[in-house]
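Remarks on the structure that follows.
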Amino acid sequence: MPAQPLIEASGLALGYGTGPAAVTDVSFRLEVGQRLALLGPNGGGKTTVLRALLGELRPRAGTLRVAASCGSVPQTDRSRLDYPVSALEVAAMGTLSRLPWWRGPGREGREQALRALERVGLERLAGDTFGELSGGQRQRVLIARALVQDARVLLMDEPFSGLDHPASERLEALIETLAAEGHAIVVATHDLEQARRWDSVLCVNGRQIAVGPPLEVLDREVLEATYGGAIVEIPGTGSRAILPPHHHDH
Amino acid sequence: MLETLELPFVQRGLFELLILAVPAGLLGTWIVLRGLAFFSHAVGTAAFPGLVLADGLGFAAPLGAFAAAIAFTLGNAALGRGRDQGRDSIVALVLVACLAGGVLLASDVFGSGANVETLLFGSLLLIDGSDLVLAAVAAAATLAANVVVGRRWLAHGFDPGARPASRGEARLLDALLLGLIALATTAALTAVGALLVASLFVVPAATARLLTGRMRSWQLASVALVAVEGTLGLWLSVETDAPPGATIACVAGGLFALVALGRALARAPRRQASLAAAALALALLAAGCGAAGSDDDGRLEVVATTTQVGDWVREVGGGAVAVDQVLEPNTDPHEYEPRPSDVEAAAGADLVFASGDDLDSWIEEIVSDSGSDATVVDLGAGVPERLPGEDSGEEASRFDPHWWHDPRNAEAAVREIERRLAAADPARRAEFQRNADAYLGRLRRLDAGIAACIGAVPASERKLVTDHDAFGYFANRYGIEVVGAVIPSQTTQAQASAKDVSELIGLIEREGVKAVFPESSLSANVAEAISRQTGASADYELYGDTLGPADSDGATYLTMEAANAEAIVRGFTGGRRGCRLSP
Amino acid sequence: MLEPLQEPFMQRAIAEMTMLALAGAAVGCWVVLFELSYATESLAHSLFPGLVVAAIAGLPLLLGATPAVVLAALAIALASRVQGVSRDLAVAVVVTTMFGLGALLALSPDSPPGIESLLFGDILGPTDGDLIASAALLALLVVTLPLLHARLLATGFDRGAASALGLSPGRWEAALTVLLALAIVVAVQGLGNLLVVAVFVGPAAAARNLTSRMGPMIAVAAAIAVLAGLAGLYLSYYAGTAGGASVALAIVAAYLLSLPARHLRLPRAARAGATIG
């Protein structure tokens, strides 16, 4: 039963300011309940695509139809760890999409935020400062914000980076639950194995390399075009992994 | 235009700017590349308390400035350790602390000694040999560093993530760059002042950036632009009689706008921009060639420092004398910054009349800078009535400099003027004597009239409260008691403190004074506040340091004294009585 | 200790200082959160020629300050659009030029002396007009800041998500900038355009070291600002130090005192990456 896709992109070209195009030829559809892995090297255009889907970046060419509200779950880079907000206050920000411009979340908004935090398992930490939470917990708070927003589409930028195994598993389970409930989720990730478990992959590296079900799409050719050849065979398992470029992150 | 360049002070200023072009231009490119514009402005500003300290304690200004600059750089690093962003709040606070500290030092520790404005906006005319040496040192150091570590700076600047040999080396590179900026901005402080260093270090480099993107040509263009803008600014300031530092800043900004506009409009930006710049330069050159030379029509060329002295010389000299008066009405002599045109005038002068007693000590430098051999006649030295001056602070002078408010002193000064004019132009001796005699007749009548008018007020009610200790002589002559002052020193630069205000109010209430007299050339806000609280009126204005403008009742010395007497007596009597003198 | 409070001129000075402190602290919390310290400093500097022109013409300073701010904002916007010129650089160029222009006008023979009061403020002698302007500013902020609070918080926290939430971040940032400009224009009378940045940055940065929620941060900043203002005025009263400078130094002292608290409050990792305070 072909339902309306939540997001439909065709021939998108995206860039910043008057500079060269950051990514071109992006065409894909995102359906209800789909988990889409966004693959590509750093600087290859993943974040650019996400920003366009969020509405932050206007397409230079092509069409983009976003039929649902999108919730943003960005990387919590270091700059926002010092922000004077609690987890509850962050989640409550989701209500702003529905309120008139002069009204804040209020008590009702905070209750909605608390329920969203319950759903992601963080109700105990509602009063804690956002920056004091662990990486995985921060991701879940931002998901809660998207849930409060009633976003049908969640856009997540490398949410698994820096997470230990249990936190990673927990997050993946949460994503599965949300997908089952009807949300569509786009996740920029480096984890090929994880991408294989999902419904669809989109590979970009300055341009769209491929899109489709992972088992069909992820062959050696596509992976090399996407990552520029840094494919490693993991001995003993017969599977392949990507060596992401060494990133200076201090 | 070329005559301007013959003046020695202009030549010194030119050398300074040309030497500074090297460090300013080179460091400017690094400043733009590394986003250090705010920092370079800040380090110049932070030098301000160092300058005040040096001025107050009497050691070389560049030392104080450099020490402050280094302290700022280190303090900035210490407070900002471990942050990448958020430094701006800290830098802003440190700057404020430096400026406020400097004001506090100037106002309350050294008794408003430093010339705050000169320190903040520069004084290209007062550059001496040590400034040139410092500039040369900064230029040499910058050049050397640029050659030796320029490549490393470039690598580090474009990708801070790229690891140099070690983290320690990165710190050293940064420290070297920041240290050089501190040194070079210190060297530039005399020229453009603590607040306008960016006009040499940032704006030209930014302009050059618009013309070329490659490092080598960018650096060359930047150095060239600093030299051109500095020269143009200096020349313009001489022609238009404007402060040099501010003129350079405006030229730099204007050129930036021109180049940016050219780039935006034209298809071949580089050509267009340089065409526009060339056109502008030509236009200015043409204007400059039409600059007026000095006229020599057989009259005596005389320079007078203050408005009062100028008035007397014009009265005595009449049409036989061309008077170049340095100060304008309502310009504070204590904080006056000499202009290029002053030095030009001094160059062609036969005689220079000064008021003396450190009121206008800047005239000595003007005369020596101009290369003139005219003698400076200190009129204050020969007056009969002398009162002691402030015994502390920068205004500490042996005698109170406001001697002209006693007509007996004025008479002596007028006689001295007559004598000197006659010596310089003996053919007109009789004419000068006639003028002087007539003038002194009017003066004596005025003196008698004022004495009678003030004498009619009971002695117990003759209390004068004013915010400028300029009326000691007047009070001494006519039996008036001077009560307190809002800014209790003989300069007008200190920022008032609440304690001063409160004490003065207490004094007014104790003495039962009916009027407060704000100096007409001072802002009257605080005096207004005092009068609001005590009921004493603050409407009457007195002429303390200078005459009033041409259309006021204080335009000449005689009318000024009469106006003062009128205002004072009205103040004493709560507005009921005046003096009605017609000098 | 109550002596200063009994003198009418001190009462006026304290009233002016308190209003400016409250206004500065409230707006200042957003200045610090959005990293606008440099912009504040630059706006204040670029006011200078406007103030000088107003002073020469005998007009109230506000009338000169406002067009100067507008001119500066336009010039900065234009300059930033030139390729190769970052926004910071554009600000530096425009501010230096305007400040130079102001100095050119101020030091010309026609201008009345006393430009120190433009540079360093005249907190001891607020006119009725100044007091009314400060009260009006405070009233405006009391009305508008609560309305802006939630959306400014969301926009400052995560600009991208703000877009996704349907807020247009540019609009809210512009609103903040306008309020900031208004506040600077009013505060410049009391503290002068070289020192006015203190009241916006100092109390907020100090409060940031002491609290970790926005609401308390504003309250603490307000309290610090008022106390520091009082302390500065008291210092000027009892020790005879220059008025505006004393207030500025008291604010800086409050910030320095708050620094140790920062180390107690933040865990090391967050401190290393922290941006504010």
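A, B and C label the chains in the order they appear, each numbered from 1.
Operating definition for what follows: a contact is a pair of C-beta atoms (placed from the backbone, for glycine too) under 8 Å apart; a residue touches a chain by one contact, two chains touch by 3 or more.
It should be emphasised that the depicted structure is a prediction, and the values quoted were computed from it without experimental measurement.
Trainee: Identify the chain whose mean C-alpha position lies nearest to the mean of all protein C-alpha atoms shown.
Mentor: C
Trainee: Computing the C-alpha centre of each chain, which chain sits at the greatest distance from subunit A?
Mentor: When every chain centre is compared against subunit A, the largest gap points to B.
Trainee: Once you find the CA centre of subunit B and the CA centre of subunit C, what distance in Å lies between them?
Mentor: 28
Trainee: As a quick test, compute the distance in whole Å between the mean CA positions of subunit A and subunit B.
Mentor: Chain centres of subunit A and subunit B, defined by C-alpha means, are spaced 61 Å apart.
Trainee: How far is the middle of subunit A from the middle of subunit C, if each middle is the mean of its Cα atoms, in Å?
Mentor: The separation of the two C-alpha centroids amounts to 39 Å.
Trainee: For subunit C, which residues are shared contacts with two or more other chains?
Mentor: 83, 272-277
Trainee: Can you pull out the residues of subunit A that are in contact with at least two other chains?
Mentor: In subunit A, residues 79 touch at least two other chains, as defined above.
Trainee: Going by the contact rule already set, what residues in subunit B reach two or more other chains?
Mentor: As it turns out, subunit B has residues touching two or more other chains at 85.
Trainee: Please name which positions on subunit C make contact with subunit A in the complex.
Mentor: Residues 33, 83, 147, 149-151, 153-154, 156-161, 163-167, 208, 211-214, 217, 266-267, 269-270, 272-277.
Trainee: Where on subunit C does subunit B make contact in their complex?
Mentor: 4, 7-10, 12-13, 32, 35, 37-38, 40-41, 79, 82-86, 88-89, 91-104, 107-110, 112-117, 119-120, 122, 124-127, 194-195, 197-198, 201-202, 205, 233-234, 236-246, 248-249, 251-252, 255, 259, 271-277
Trainee: Would you pull the subunit B residues touching subunit C in the complex into a rising list?
Mentor: Residues 32, 35, 37-38, 41, 79, 82-86, 88-93, 95-97, 99-101, 103-104, 107-108, 116-117, 120-121, 195-196, 198-199, 202-203, 206, 209-210, 213, 242-243, 245-250, 252-254, 256, 260, 263-264, 328, 330-332, 335, 337, 492-502, 505, 521-523, 525-530, 532-533 of subunit B touch subunit C in their complex.
Trainee: Can you check the complex and tell me which residues of subunit A touch subunit C?
Mentor: Spelled out, the residues of subunit A in touch with subunit C are 18, 51, 54-56, 69-72, 74, 78-86, 89-90, 93-94, 96-97, 101-105, 129, 131-132, 142, 145, 149, 151, 155.
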